[in-house]
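Heads up, the next two complexes both have chain A, just with different partners, chain B and then chain C.
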Partner chain A sequence: MPGTPFASDALDNITFSLGRGSFTLLIGPSGSGKTTLIQHLNGLLKPTSGAVYFDGKKIGADKAALLSLRRRIGLVFQMPEEQFFSETVYDEIAYAPRNLGLDENKVKERVVKAVERVGLEHKDLLDRHPFQLSAGQKRLVAFAAVLSIEPEVLILDEPAAGLDPAGKQKLFNLLYGLNRSEEITVLVSTHHLDEVAALADYLLALKGGRLMMAGKAREVLARRTELQGLGLALPQVTEIMDQLSVRGLPVRKDIYSLSAACEEIIRVKRADQG
Partner chain B sequence: MAVVKAEPIIEAKKIYYSYAGEEEEFSPALSDVDLKINQGEYLTLLGANGSGKTTLLKLLNALLIPSQGEVLVKGISTVEAEQLELVRQTCGMIFQNPDNQIVATTVEEDIAFGLENLALPSAEIRRRVDNVASRLGLTHLLQHPPHRLSGGEKQRTAIAGILAMQPACILMDEPTAMLDPAGRLEVLKTVKDLNKKESLAIVHVTHSPAEAAEADRIVVLELGRIVADGKPEEILTNLKLLHKLGLEGTVAAELADLLRQEGLKLPAAIMSNRELIESLCSSEQIS
Partner chain C sequence: MSRSITLGHYLPGDSAIHQLNPRIKVPVLMVILVILFAIKTLTGLVAMLVAVFLLFAVARVPFSYFLKGLRPIIYIALFALIIFIFFTKGGVVLFRFGPFTVESEGLWQGLFVIIRLVTLVLFSLLLTLTTTPLSLTHGLGYYLKPLSRIGLPAEEVVMIMAIALRFIPTLIEESQRLMRAQVSRGADFESGSIFRKAKNLVPLIVPLFVSAFRRADELALAMEARGYRLGARRTRLHEDLIKTQDWLVLLMALLLLAAVIYNQYLR
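On to the complex of A and B.
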């Protein structure tokens, strides 16, 4: 609310760039400005000063450009299923392609493709009411609704909140697949590094509206004390490796997934045995 | 250790529940659920999305009434409409998103909201608000507008509002899902203290094995039925069961399992990081 007595800097002097086809994590405690930052990236908010560029062009210059921008950058809000308003899953996913002015055949193609891309199988699912679905399915439908505009960039705000472990795993595998095989640029904001740390190329850490850390994921994750100072928890498996190392087991500490941890412990145990 | 008395606060007797308008092809949200929760007990409900955890929670404080069977809260059946207030005072509910359950413009008004609805004298309201605020470390925030609080502080404000009603049990539906790690710890510590020091019964729905490990007892739901009921160290190391249901054991249990598959000899029941680290640092394990 600039110019009012309530004005405060939600974001302060932030500079970074996202490479095409990269997978980036945006981390930071509650209130650090993650959601505000995300809303700048597809022009929902305009910076009080400074600018955001997409593909070399400044965002927000003219309205027509803003519309085409939002077709290229898909934004998935927190708890997106709370925003469902259609009577059927089909209509929910078809909303955006219809708004693009596509004819109904093309719309249907887009809907079916989006459903397939998120790995939802049931063909009869499309006629169901969105509220009849499980939480995991709803999340995937919300995700399909954004994929139906066929964006080049996907931005997701806490996409796994409230999902069960299998649902989380499925969601992140899906994102990783879209990123790696279709070269969709992905930015995920999250509080919790557990499931995603091993997937990311880059990491941005916010606190109090400032960009505190930015760089290759492995390099940022190695700066343990700074991360903890931001109120963020390392993946639990990384904490286990750190403690093993403190206890004198010569394990590597740059371990962010269960499988990597297993491999490393076995390597050390075998070497130990000679 | 909290005093767990073998005196049930809540008893669910053979309850079934179907959501109105559900088509025949869908199975009921809950089937044949029998559950006793004792005074001072800390119970975690685990289960995949759609397994009936939230439905069960809502049945325990009469937000929903069973289609068959009955729920007794301190011996009072939740179908007795005139006793609704008493049931809901006995079992308070905390939801996932703190922003959806805070109604007032200051923390103290929010904590007082339930008490005002009971039409208590204002001196008594003041006394109870100050008392719960000091127990939960919220005294310095009483005049603050809730939207300026952190997630953890908001969730503790919601808990304070429940606590002011002097309940015997707090029901929590994924109370940490929207919180950052610091907020998560803050809320868990608050809840654990209430359980240990004040013997409040807790029913905690979570997807986090690390949170579930804090409980005295875990009940696992699948498709509306109870499929396991036991101590955390039994349930959270039973990876065969958990994986089948789309759930996970603790990170330590999962890692221990992978290591065993690679030929490492480890004790069967490893649940905590500490147990895993001790085992790995102790001796020769490779075969």
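On to the complex of A and C.
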């Protein structure tokens, strides 16, 4: 609320760019401005000063330009299943393509494709009521409801919040797949590095509305004390490797996924025996 | 969206007016409203207008709030002015449009009513700007209590009002969030005919209701878990004491009322 006694700077002095086809993680503790920043990226919010550029063009107030922008940038909100309003999963996913003004055949094509892309069985799912689904399924349907726009850029705000570990893993693997096989640019915000740290190319760390760190994921993740200073925990598996090396097992410490950790421990063990 | 509901927006502060007990503020406002209707002279009304300006300064409310609070009544004020100008006759004829005449009496009375209306709104605005909705409800609820003798569940009514007030900002925030989410999915809430617009609101209203019901459910559970029972006597964390200055303010308001009545009607 600019111009009132309640006004405050939510974001301050933030500059970064996302490369086409990259996988970027936006990390920061709760209240650091991740959601606010994300909503600037498809023109939902306009910066009071400064500018956001997409594909060389400034994101401005022009309505037609904003509409076409939102066809190219898909934004998945936090807890996206709370937006459900349709009576069937089909209608829920069809909402976005119908808003694009496609005819019903095209809409159907897109719905089926989106459901397949998120890896759901669509046999009887499409006719069910969205509220009957499990939490993990709801999240995937909500995700499909944005994928049906067929965007070039996918931005997800805390996509794994409230999911069980298996659901989280599945969701992130899905995102990684979309990023690598279809070259969709992905930006994910999270305050939890588990499961996702190993997937990212780039990392942006936000705190108090300021960009504290930015760079290649491996480089940023190596600056541990700084990350911990921001109130962010490293992935558990990284902490374990750290402890192992402290206790004398000569493992590498830049391990961010379970599978990499397994390989590393086996490597060290084999070297030990041989 | 949240900007359009300035009327009743609390502005935090620690001025003497903020600290008045709401149980006193409410009757004081009543007394002032009676005074405003009792005053029959323009000088008296202007004095009250000056008084409310001074009180706004004491409460350190920015001038912009003052103007924003008046915005909703502009049309009512204009309407009243037009009615008075054209339909109240007497005094000197000022203008003449064909069969219509504007006479000085009408203009004076129109201005009088507008000043009364503006002063009235400003005093009410001062109350809501300096009192949290919650303590305002408690202040009002205090006067509902005697009604529980004739079967009105006063405590519960106050609780309902307090919860309703508490959740207005939450629901506004929620609807903004939902609106943005659906806009990201290509929704358009602005263009089209009125029917089209109404239909377009479905993706907003359905989730809003779903979450409101879910919230209500959770809140009811949480309240029961913390021992809330219908009809039980409740105590308050912050003791609601009426201090000497509160009594003084009430006394001053009543004295002013007495003075106005004596001056305008009895002398």
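Keep this in mind: the second predicted complex is superposed on the first by the 271 of 274 C-alpha atoms of A that agree within 3 Å, B and C clash if a C-alpha of one lies under 4 Å from a C-alpha of the other, contacts with A are read in each partner's own complex, and residues count from 1 in each chain.
Methods note: a contact is a pair of C-beta atoms (placed from the backbone, for glycine too) under 8 Å apart; a residue touches a chain by one contact, two chains touch by 3 or more.
Here the structure is a predicted model, which means the values were calculated and not measured.
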- Query: Who does A:P29 touch here: chain B (first), chain C (second), both, or neither?
  - Reply: first
- Message: Taking the superposition on A as described, I'd like to know which of chain B and chain C A:S134 touches: first, second, both or neither.
- Response: first
- Task: Tell me which partner A:A161 touches in the superposition: chain B (first), chain C (second), both or neither.
- Result: first
- Message: Quick one: is A:A145 in contact with chain B, with chain C, with both, or with neither? Answer first, second, both or neither.
- Response: second
- Message: Quick check on the superposed pair: does A:I255 touch chain B, chain C, both, or neither? Answer first, second, both or neither.
- Response: neither
- Touching A:L227, do we find chain B (first), chain C (second), both, or neither? neither
- Item | Touch count on chain A, higher of chain B and chain C | B
- Tell me which partner A:A214 touches in the superposition: chain B (first), chain C (second), both or neither. neither
- Of all residues in chain A, which touch chain B in the complex? 29-31, 78-79, 132, 134-136, 158, 161-168, 191-192, 194, 231-233, 236-237, 239-240, 243-244, 247-249, 258-259, 261-262, 265-266, 269-270, 273
- Item | chain A residues touching chain C - in the complex, by the definition given at the top | 1, 3-5, 39, 42, 44, 67, 70-71, 74-75, 77, 80, 82-85, 95-96, 99-100, 145-146, 149
- Message: Considering only the defined contacts, which chain B positions touch chain A in the complex?
- Response: 26, 47-50, 96-97, 150-152, 174, 177-183, 207, 209-210, 246-248, 251-252, 254-255, 258-259, 262-264, 273, 276-277, 280-281, 284-286
- Message: Give the list of chain C residues in touch with chain A in this complex.
- Response: 2-3, 11, 62, 64, 177-178, 180-188, 202-207, 210-211
